[in-house]
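So that you can tell them apart, the chains are marked A, B, C and D in the order they are listed, and the count of residues begins at 1 in each.
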Amino acid sequence: MDDAVSHISQAYPDRVEVRGRDLCGDLMGRVGFTEYFHLLLTGEEPTDDQRFFLDLLLVAIAEHGMMPTNVAARMTLAADPGSLQGAVAAGILGCGPVILGTSEECARMLQAGHAEGGDPARVATDLARAVHESGARLPGFGHPVHRPLDPRAERILELADERAVSGPHVALARHLREAVAMIWGRPLTMNVALPIAAVMLDLGFPATAVKAVPILARTGSLLAHLAEEREQPLGFRMAAAAERAIAYEPPP
Amino acid sequence: MDDAVSHISQAYPDRVEVRGRDLCGDLMGRVGFTEYFHLLLTGEEPTDDQRFFLDLLLVAIAEHGMMPTNVAARMTLAADPGSLQGAVAAGILGCGPVILGTSEECARMLQAGHAEGGDPARVATDLARAVHESGARLPGFGHPVHRPLDPRAERILELADERAVSGPHVALARHLREAVAMIWGRPLTMNVALPIAAVMLDLGFPATAVKAVPILARTGSLLAHLAEEREQPLGFRMAAAAERAIAYEPPP
Amino acid sequence: MDDAVSHISQAYPDRVEVRGRDLCGDLMGRVGFTEYFHLLLTGEEPTDDQRFFLDLLLVAIAEHGMMPTNVAARMTLAADPGSLQGAVAAGILGCGPVILGTSEECARMLQAGHAEGGDPARVATDLARAVHESGARLPGFGHPVHRPLDPRAERILELADERAVSGPHVALARHLREAVAMIWGRPLTMNVALPIAAVMLDLGFPATAVKAVPILARTGSLLAHLAEEREQPLGFRMAAAAERAIAYEPPP
Amino acid sequence: MDDAVSHISQAYPDRVEVRGRDLCGDLMGRVGFTEYFHLLLTGEEPTDDQRFFLDLLLVAIAEHGMMPTNVAARMTLAADPGSLQGAVAAGILGCGPVILGTSEECARMLQAGHAEGGDPARVATDLARAVHESGARLPGFGHPVHRPLDPRAERILELADERAVSGPHVALARHLREAVAMIWGRPLTMNVALPIAAVMLDLGFPATAVKAVPILARTGSLLAHLAEEREQPLGFRMAAAAERAIAYEPPP
């Protein structure tokens, strides 16, 4: 059964080995958590650019106001104050595509577009046109709050250019924005999910790693909301407001 | 390793054995889900009274308006429409003591009180006085909506008397209500958690089984809310109302 | 905002109204949990046949040995013994399509097939052929343990015939089985998910209700495993066996 | 209702404000994720020492082999491959005190001990003696794998000394170790939870923040295991090994 193998870590009585390294003698005190997360996720320590952008993307996506995930987590802690992990889990369960964006879907779209080869402007136009005609939503576009621009998306692109990591996936993302404005007949907000995916692919991350970033980031934010909830309980107040917004009527 | 044993069930290629019975040849079509739940939970099929009251208690506790657990579950489904089980899980995580009552805590209190022996009125008075002096909350008393009575609690006690299953734990629950009114100087609502615990103990359930009832019941209710959510989306509307109820201010 | 309406329930100080009925005065003591679950889920009390088959399907699908969901839930309780709801939630999160079957997918397939009209044997053959050619899996067929028959599926079909509730969706399910044997060149096990879907559709349940049944059923089973876990801890023993089955190797 | 206030963040159409700062213009690209997590959690940017030790503690606690939480998460992803967040949530639910240590409990113990004032050696002895006599477990001591020392705990203490952040809580932790060896009559392993708590308190973190660190760290590790699971499926293999470790026997 030579495929019953994991390459992540093993604890021994006197040491812990992680990704072939000695956790206590080598990693602790030398690498920060972002670098360690990269090592855990990919098996390799990040380059400076990978580290910089992993930090940037985690910071970009972690916190965005009193999101439904934060609301659900705070209500859950209010109902079960002893279970911080239960409240975090409830919040993470809301990290579905509607709330947390579609970064992995964006990554697959960009990968497929890039794999086609040829002129990226043309690839972007064909892709946008096909989605528009099918009536589906184009991942990475549209935002309920940010208009006309998602400032996080713009800042990521700006830093990717400044640091010269923008490659073909970032280029394709920009072509998509132009194609969308033309085909939809008006500009749509490019939301933060698309540049996250584009920059990660240009830095060499696999598409399957892309969704890990928003989930880790959002966990940090949930923990902040739950720390505040323990000091300043808002969960039941929010639940009451939610309940009042809905009327009960007997079935017809 | 003779303790590495489970007594619940085993699947074989041509049959499934549950609690020593043949699922397909014996149980399916003969027992209802409530009886089956009793068999799963305790290893034995219920008596008529056990079945009647297990049904009664499940019905009593399942649904109670747009509770925070339902709100959290509906928000979660709105954010991740493909994961019904994720939304159910988020709702169940809110089934902590503050929302779902303290039925298991009540059961332990009643068991301890009954184990003391002696005059139950005196036991109840001593217990209530000790809790009152310590400043703690007495499990099974108080309700945010139901005053002066929780109609579910009253109906359970009424049916327990009618069917002659009321025993020492139900008696102790009633003594507690009187003791509480005297010691607190005003009546407190006996909520549904206390009769659930008392009736289950009088019917021979172990205290550890008591919390299973509200969790199964509430799962049924969550599934109903989530079925409605798929037809009539309210999750994001409730999240928006919750968010509007809270103001952001920068840290001082 | 006349669409901000829920039709399930409302709690008032002196009563609880559920689906237009008085919980305490009407439902408690009159209806069993299965009937109540039907009322919650659909807004209507079940007919005798609906009640019988809802019970039957809940019993059929609840428990099936030491399933991965039970293993995960028991490990979770071992790690956090105070949170029964956390352990239940962990178990429910594993109720994905691979483990818990594809009953809702089966329901959509049967609905679409039936909506086409025409000869059901022909519809079944076309459907099976299309899936076979695409290389996809056909929902409702195949099982890791039960061969050549899933005894739960057979028993459901038998009772549906006996009680004369078998209608066009059950018929289509049977045609599918024959078509599959012909097109795949060998019989595949029709698993329990397909008759669950077929019978529910023939009894008038909407397709969106179909997945609620396995989730409620499995919650009952999880609660039984967790009650046993509290008496007979197996979670860490199973975790150790799982860990031993995998070797760590440093990344290549 | 001037207490309906949150101090964390707010999204506006053209910007996002977090903890009084402009996310895009100020924080993104300037602060790393660890610093940002500190800002989210506490409202303030960390000092160099706070940042260093927050990184150190996150790295120390994130990953520790094929833990039950990783096993449960991998099984959950195997059962529901489309829901990465569901699998992460299942893993986090196992972050209870038995698995993830008792860092918050340690923090409360150290705070209480320090608040007593007086000679810390005496405080430690009294505390250890009281726990020993009560028959309870002393939080922060004992480990199933690491003996006689937990190398992570030793490395944290070493770096706390090197960087001169060791204060009264670290001192108390060391006195506890000595007191334990004397009172239990043999050395017990000081596990990683105690130095995490001690260093965080000496750096000025509130006790309520202490558990946030292991939960964020463990989320990073879960995401790594789930990324590996998508490439190298082990979940069902581990579930099968777990199942095989347990025998079914009918109830007596």
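Here, contacts are C-beta pairs under 8 Å (C-beta built on N, C-alpha and C of every residue); 3 or more make two chains touch, one makes a residue touch a chain.
These numbers were taken from a predicted model, which means no experiment stands behind them.
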Starting at subunit C, figure out the least number of steps needed to reach subunit D through touching chains. 1
Result of counting contacting C-beta pairs for A-B and B-C, higher pair: B-C
Going by the average position of its CA atoms, which chain sits the greatest distance from subunit B? A
Need the CA-centroid distance for the pair subunit B / subunit D, whole Å please. 32
Centroid from C-alpha atoms only, then distance subunit B to subunit C, rounded to Å. What do you get? 23
Inter-centroid spacing, subunit B versus subunit A (mean Cα positions, whole Å): 37
Where does subunit B touch two or more other chains at once, residue-wise? 4-10, 65-66, 80, 82-83, 85-86, 89-90, 93-96, 234, 237, 245-246, 248
Which part of subunit D faces subunit A closely enough to touch in the complex? 3-16, 18, 23-25, 27-29, 31-34, 36-37, 40-41, 54-56, 58-60, 62-66, 84-86, 88-90, 92-96, 100, 145-147, 149, 151-152, 154-156, 159, 208-209, 211-212, 215-217, 219-221, 223-228, 230-232, 234, 237
Report the residues of subunit A in contact with subunit C in the complex, numbered from low to high. 4-10, 17, 19-20, 43-44, 80, 82-83, 85-86, 89, 93, 245-252
So in the complex, the part of subunit C that touches subunit D is made up of which residues? 65-69, 71-72, 75-76, 78-83, 86-87, 89-90, 93-100, 234-246, 248
